[in-house]
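The data blocks that follow each hold one structure.
Next come two complexes, and both contain chain A; in the first it sits with chain B, in the second with chain C.
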Partner chain A sequence: MTDMGGLIRNRIFKRWTGCILILILSICLSGCWDRRELQERHFVLAVAIDKADEGLGAERGKDVDRVEDFVQPHGSKLYRLSFQILQLTPSNNSEGAGRGNTSTSVISTTGESMLEMIWDLQGQSNKELWFDHVQTIIISDAAAKQGGLQPILDFYHRNEEIRWLTKVVITDGEARDLLDYKPPSGEASGLFIANSLRMYAKSQHVPGWHTDLGDISTSKDNRRRVLLPRIEMADDVVKLGGMAIFKNEKFVGYVDEYATQGGKLMGGLERSAVITFQCPEHSGSILAFELFSHTTKIKPHVEGEKIYYTLDINIRGNMAEMQCRLQHDTIKDQDIHKLEQLVANVVKENILYSFRIFQDLKVDASFFGPKLEIYEPQVWERVKDHWDDEVFPKTSLIISVNVVIEGVGAHQ
Partner chain B sequence: MMANLEAKSYMTPWQLAIVVFVTCVGAQILLSPRSLIADAEHGAGISVVIGGVLFYSATCLMLVLAKKYPDETIVEYAPRIFGKIGGTLVVIWFNMLFFLQVIQIFYGMGKIITFYMFDRTPPEVVILALLAVCAYCAVQDWGTIMRIQQFMFFVAYSILILVWLTSILNLQPENLLPLWPVNIKAVVGGGLSTWNMYAGYECVLLLMPLVYRQVSLGSLIKIMGASFGCLIVLFLLVIVIIIGVLTVDGAKNLLYPALIVIRSVELPGTFIERLENYLLIAWIPVVFDTLAAMMFFMGEICMRHWRQADHRPWVLFLVPIIYVGSILLDNQQVYEMANKFTMWLGLAFSFIAVPLSLSLSWWQKRKAGTGCG
Partner chain C sequence: MKKIKCIQKLSKHLPEASLEMSKKKLAQLQLITTQSTEFSEEIGQIIAQLRSVAAPSSEPFIFTSELQENEQLLRVVFRDCSDIEFRIFDAAGKKALLVYLKGMADTSNLERNVLKPLMSYTAQETENTASLLHLLTDMKLVAENVLGAASVTILASAKAAIDAVMTGNALLMIDGLAEVASIAVIKYVKREISAPYNEYALQGSDEAFNEAIMDNIALIRRRTRDTNLKVHIMKIGERTNTAIAVLYVANLVKPGLVEEVERRIGLIKKDKLLDSASIDQYLVDHPWSPFPQTQMTERPDKMLAALYEGRVGIIVDGTPVEILVPCTYNVLMQAPDDYTMAPIIASLIRFSRNAAAFLAVYLPAIYVAVVSYHPGMLPTTMAISIAELRSRTPFPSFLEAIMMEILLELIQEAIIRLPAKLTGAASMIGAFIIGNTVVQAGLINPLLVVVIATTAISSYSMPSYNFSMALRWTRVPMLILASMLGLYGVILGVLAITIHLCSLRSFGESYLGGMFNVDLLADWKDSVVRLPAKLLTRRPKEFGAQDQIRIGDNDGQPRS
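Up next is the complex of A and B:
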């Protein structure tokens, strides 16, 4: 025992023990044992989900479809899942990864479970697929109509690799075609679409509010409607505009750009918009008002069984275009007030147009129900079960718009 | 021989306040909000305030009790109040509170880290690594641990709060409404269930001998009030932002809503993204100092109970037990059962054992006084 104590107190022994410990620790702490270099990964930039018999392309042979397919023990071939993959190694192709160009490739398979399809897609890739950088999920409306959003998006909501801010769009064509699209900017189409959607504040026709993957999850949890921006493609032209509405995760229908703008005006979501109208004094001339800032207040009112809403809107902006400008004296307050009144009427018309469309579709797209829940919880308890189908289509909206024209540009 | 400068024989009341704050705020800021919001819904914020007031009152009772036995911890005076067997049971109960919390924190932390950071690594490996680091800290003397806690209080918490506050960008105040009417029963129940968030304040029963000479009981109660005030503000900030961003129904359906809140933050014009990783990086040291302190307290309780001079062998003895305990919580259901059991054990300790100790000690002192004539 004494020998042992002496040994422990021995300086040389302590030094050697220290050295051995440092060596062992440096082996254990030398880095990530399961590291994967960037060039050893395949980053998925965009996901396209079509119906199984869509997304085939005219030039593809039957053999291609057979090779892409796999034997599925359960379920049926409902969806075609396609990935746009970023190629980090320079392409030999002259059209490939040149200056400012991003080289991508697209792979597809068919099946029912998203995860099963992903594992099958690994058979078409020599590197592991990574989903950390998925920018966009494109869903074809045929796929969405088939089984609703739940089977399509559930995997992406559960997976921790996927970003909560991933953009989700819907197309009435084939979603895979959008992965093959080469934007003029040279970037991958997945990035192009995501970046275009981020500009929603600059376009009144693009519904960018609460349409990300995470927002869809929250809307579903609250049993609220889901709105998805619509994207269309014809030849080499791709454009965002309008939106698709889902109720209880089922596709209800599309609404046009004008209704989308009305919805944004209702919700106070416009940061920048253009409101055009005919000059009442000079037919054939168009006036354009540019909106800079915008606030709204929606309040429910209950009178017996009748429910109605008041919507107060305050808008500030500039007259940006007056095709008949020399015939208006915009220095005079009187003329400016007339123009403000005209803009207010146009905004009212736009909002009522959207409101009626939502009522016809029986979808509370602008959260009138939640306002009732907040301000009149007892009434809400009474009507919540038949709100969308019976109560909301019968509600009325009283709109009051206050427009302030702050300037008329460089000319009077 | 050089004196051990890390062995503390006193601490200031503000240091105690920091220790209580740091020990209370641990893993539960990420682990607890889901169940609280599911129970109390829009009234979860009120539950946090009720819980804060309730557990501050419990802490005050503990301070009054501890002041009656200067220079002693509950481990020494419990047998005098309850008798040898009763006292031992109270000490075991007291230690079990720390033990159960520690294993749940290890389990929860292992789960979160593997889910969000190292998805291919088994949670047991993460727990083992963290346990080794915490044990290393817990075998130090109190002076070292206290210094780490103070350092974390100023560094890790400021980063954690700063990252968390970025989620205000996504807050929609209307999601917090309606504030009234609230389900009073659920809100009060939620207030009790916040014990898991505030738990750790029991450490005053161990640390009071280091403080009592520095300050009067009244001042100490006021200073602890500041500590609980900060806790209430922090927990309110967490709960209000979660509901404001995700809504009550959204938060109920997510396993770790706080992480999803931060996941949905986009900082325009910056290259910083996936903020949940930044939050986790700031959260890990926060949990580390809670765990290290609790493991130290467990070792200290055993040491005092067995009348030994060193807590370190006890910490090392407890390490495998803690590891096995945390991996025995092998699924969410078992974890939630353990969580509930610990909550009732903790509530009973604070609101039955401590008031009973106080009453008995008053009665015993009065009896002794009468006996003396």
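Up next is the complex of A and C:
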């Protein structure tokens, strides 16, 4: 009897020890080492990268630079890295918590390795820096011109805390100034820029397609061109518009809003756009066509050495604005067709403008090359090595635009 | 000198009066007394032995034909029971005795149907007296011809007779007869049938079980005219001898289930049975699990519906809450109102109930895990606003959550324990403490209050109170896991709970497994959603009813 009891007790004991052991092991193996409460973290909302000698406000004292700096054993001080950090302001009234006013602070340092600069910046912070919520990476074109995109963005591609959808923008001024910018909504400027960039579908002047950090990384890895939205700031005015083009991680040039719009039309990426043109009968009066949707079809053709493309565009939309006193009655068929013809011409003009700019910059921004690879692989094999520099600038584009005006009618 | 002579010792003259002598005599006397007591005890034992030789081992004694003797024997059994009434009377010249419990027998019924017919023959000597005397030679004849009571049983066994008295029957004994008649005149104070306290249905019946087992069975019987509905009454409890009824529909119930239920009830070794919940703990396979493995209900309509799905009901005397087995997660999620509402609404409510069950266990754990380990998972604006809320509170989120849980448990417990008139005050104080002061004092952030309140409300929305208690219990280990291991811990907990629920068996049926069993996919018609009544033509497969189709040619025929 006692033996049986002992055996059972032994078995139960073994089972319990096993359970407790598994529990302890699981805690030891994973444990609470990364437990860091929300309020014990410093969230970096935006990152600005300048050239080392940029990003210095006029009013900054001399000592500030010395304090911010650190001794670097290798390399030279190439970049200035600035972080916009969320500062927690406990709201005293119980209901006023949240989005209203976000207070932020900016810290910066200079150096060459991004990681080294981040670890140095920890010296200016009382809490650990976290990159989970980085919204925007702002690069000054001076820094981009200095060494290309690779040294600037490589760290952010590799870091697992930074998200795929982080927005990357380029500015021709100093990037750090944008971190100090206080949007009228009271939110942090990093959030402000990211949110306004998300509305690219509503503005044909903002290139929003494939410009997030993850897209840049895949474009970079596939050795394709990289497009970055351009942001400008003067005094209190901050505006997105136009874009910068990088080829092989090197800065090639800026492209204006009109060319950006043409590029978007070419790629079939516009979800809404406004196309304006002069009224042919009343000079000085502007008509505006609002695009609702459009589809494009690009097809390459090869005739001997000559490569040309045909681009078919179908556009649907309506007349949003007619400043020429009801001369174009949208009830009569022939009038509508006349308007459609006018819109088509303007679109054609716009696309050709962008196409020529891309050819001048020797950048295949709208992926004509890959189309050739799909339709004519043998030709592509022959030309792919000197596609951007020699072949693409010599190709031509034949555009046919089909415009349908919807929502016809007139006031009586 | 003369005087001195006078006070000489008495013992000199009377040697018998000496102190030693008297002591000796006293000792002798004492010895005789003890011996006589021993003798009397021995004699008593011999008498008892002689009696028990006559009586079978299970019986305390056997009835003799001497009424005097029988009365004596019964008085010994019922000694010190002042509520036992011995009524001696004269029935046509013969001595008769009526024994009953004063509080449990209907005396007016006894007067009308027993005393009056028997005594009336004594009062006036008629020609009937002779025939009565003839009748009084056999208890069976008495029961058939004289007694006016609805139910009379002739008993020969003393044990059965004593049991009959203790349940409220009256015992009739007539001089010269060794048999006794047990007359069913049970009537005692009990509660009226009332509305259910805990399982209120908006559009259902308002009748609920009460404490009397016969009333409860009657509530079921009244709802059906089916002879296939069987009731098997057992007596459990060494001292209380409580009646337990096992109810089932003979041609529906899964073969072997009733036998298993009765076997488990038969195995109960207990001196007293006061409530069904204590039986429940003897029936289940996993007494250490927090989850209820039997369904408790106080609604007769619910029990009847379950019986017609092939399940077994257990009614325990003295409890208004009765047991249904087998029990699965599905049946605990069904409420009577689901069947009175439009099916599409009922389906939505079923869904939200399942979601509530999930929230009630995991929501605080997910909150703690996200806030203290993975704030990157939150949208930025939300992370900012939570961080701002949290920046005022001094405690880590785990401690905060545990404090709120304790506060919540205290308020719940207080509201249950307090007299009804004070619960309002308690909940007011609770609301003020949680809703206002704790947040204003900066001890706990408002978001956590929202989380805990959502959790509490979710657990209140469970149709089964026992199940919501189980959810409350599992919440705490989940919180600890989340605070130590983050979302990894939450997932570990989800796995552990899911595996536990799938491995739980209630009378052979998997607790949660049925939901995910491809063979039982048809049961989703009345578990995940509730289809219109027209489409619910088949019984749930899960409980293995012998006849799957509710209505049709096959009805009533066992599956071949």
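What we mean here is this: the second predicted complex is superposed on the first by the 362 of 412 C-alpha atoms of A that agree within 3 Å, B and C clash if a C-alpha of one lies under 4 Å from a C-alpha of the other, contacts with A are read in each partner's own complex, and residues count from 1 in each chain.
To be clear about the criterion, a residue touches a chain if its C-beta (ideal position, glycine included) is under 8 Å from a C-beta of that chain, and two chains touch if they have at least 3 such contacts.
Because the structure is predicted, anything quoted here is derived from the model rather than measured.
J.: A:Asp212 in the overlay: touching chain B, chain C, both, or neither? Say first, second, both or neither.
T.: After superposition on chain A, A:Asp212 lies in contact with chain B alone.
J.: Name the contact category of A:Gly18: first (chain B only), second (chain C only), both, or neither.
T.: neither
J.: Identify the partner contact of A:Gly75: answer first if only chain B is touched, second if only chain C is, both if each is, neither if none is.
T.: So A:Gly75 meets neither chain B nor chain C here.
J.: More residues of chain A are touched by which partner: chain B or chain C?
T.: C
J.: Counting only touches as set out at the top, which of chain B and chain C does A:Leu191 meet: first, second, both, neither?
T.: second
J.: Based on the superposed arrangement, let me know which partner A:Pro280 touches: chain B (first), chain C (second), both, or neither?
T.: Once the two structures are laid over each other on A, A:Pro280 reaches no partner at all.
J.: Identify the partner contact of A:His133: answer first if only chain B is touched, second if only chain C is, both if each is, neither if none is.
T.: Second partner only, chain C.
J.: Which positions of chain A sit in both the chain B and the chain C interface?
T.: The answer is residues 34, 132, 161, 163 of chain A.
J.: Quick check on the complex: what are the chain A residues that touch chain B?
T.: 34, 132, 160-161, 163-165, 212, 214-215, 217-218, 221-223, 370-371, 373-375, 377
J.: Which of the residues in chain C end up touching chain A in this complex?
T.: Residue positions touching the partner: 371-373, 375-376, 380-381, 383-392, 396-397, 439-440, 446, 483-486, 488-489, 492.
J.: Name, in rising order, each residue of chain A that touches chain C in their complex.
T.: Counting only chain A, the residues touching chain C are 26-27, 30-32, 34-39, 41, 43, 45, 86, 88-91, 94, 97-99, 102, 130, 132-133, 135, 161, 163, 187, 191.
J.: How about chain B: which of its residues touch chain A in the complex?
T.: 115-116, 119-121, 174, 177-178, 181, 246-247, 249-250, 252-253, 260, 263-264, 266, 273-274
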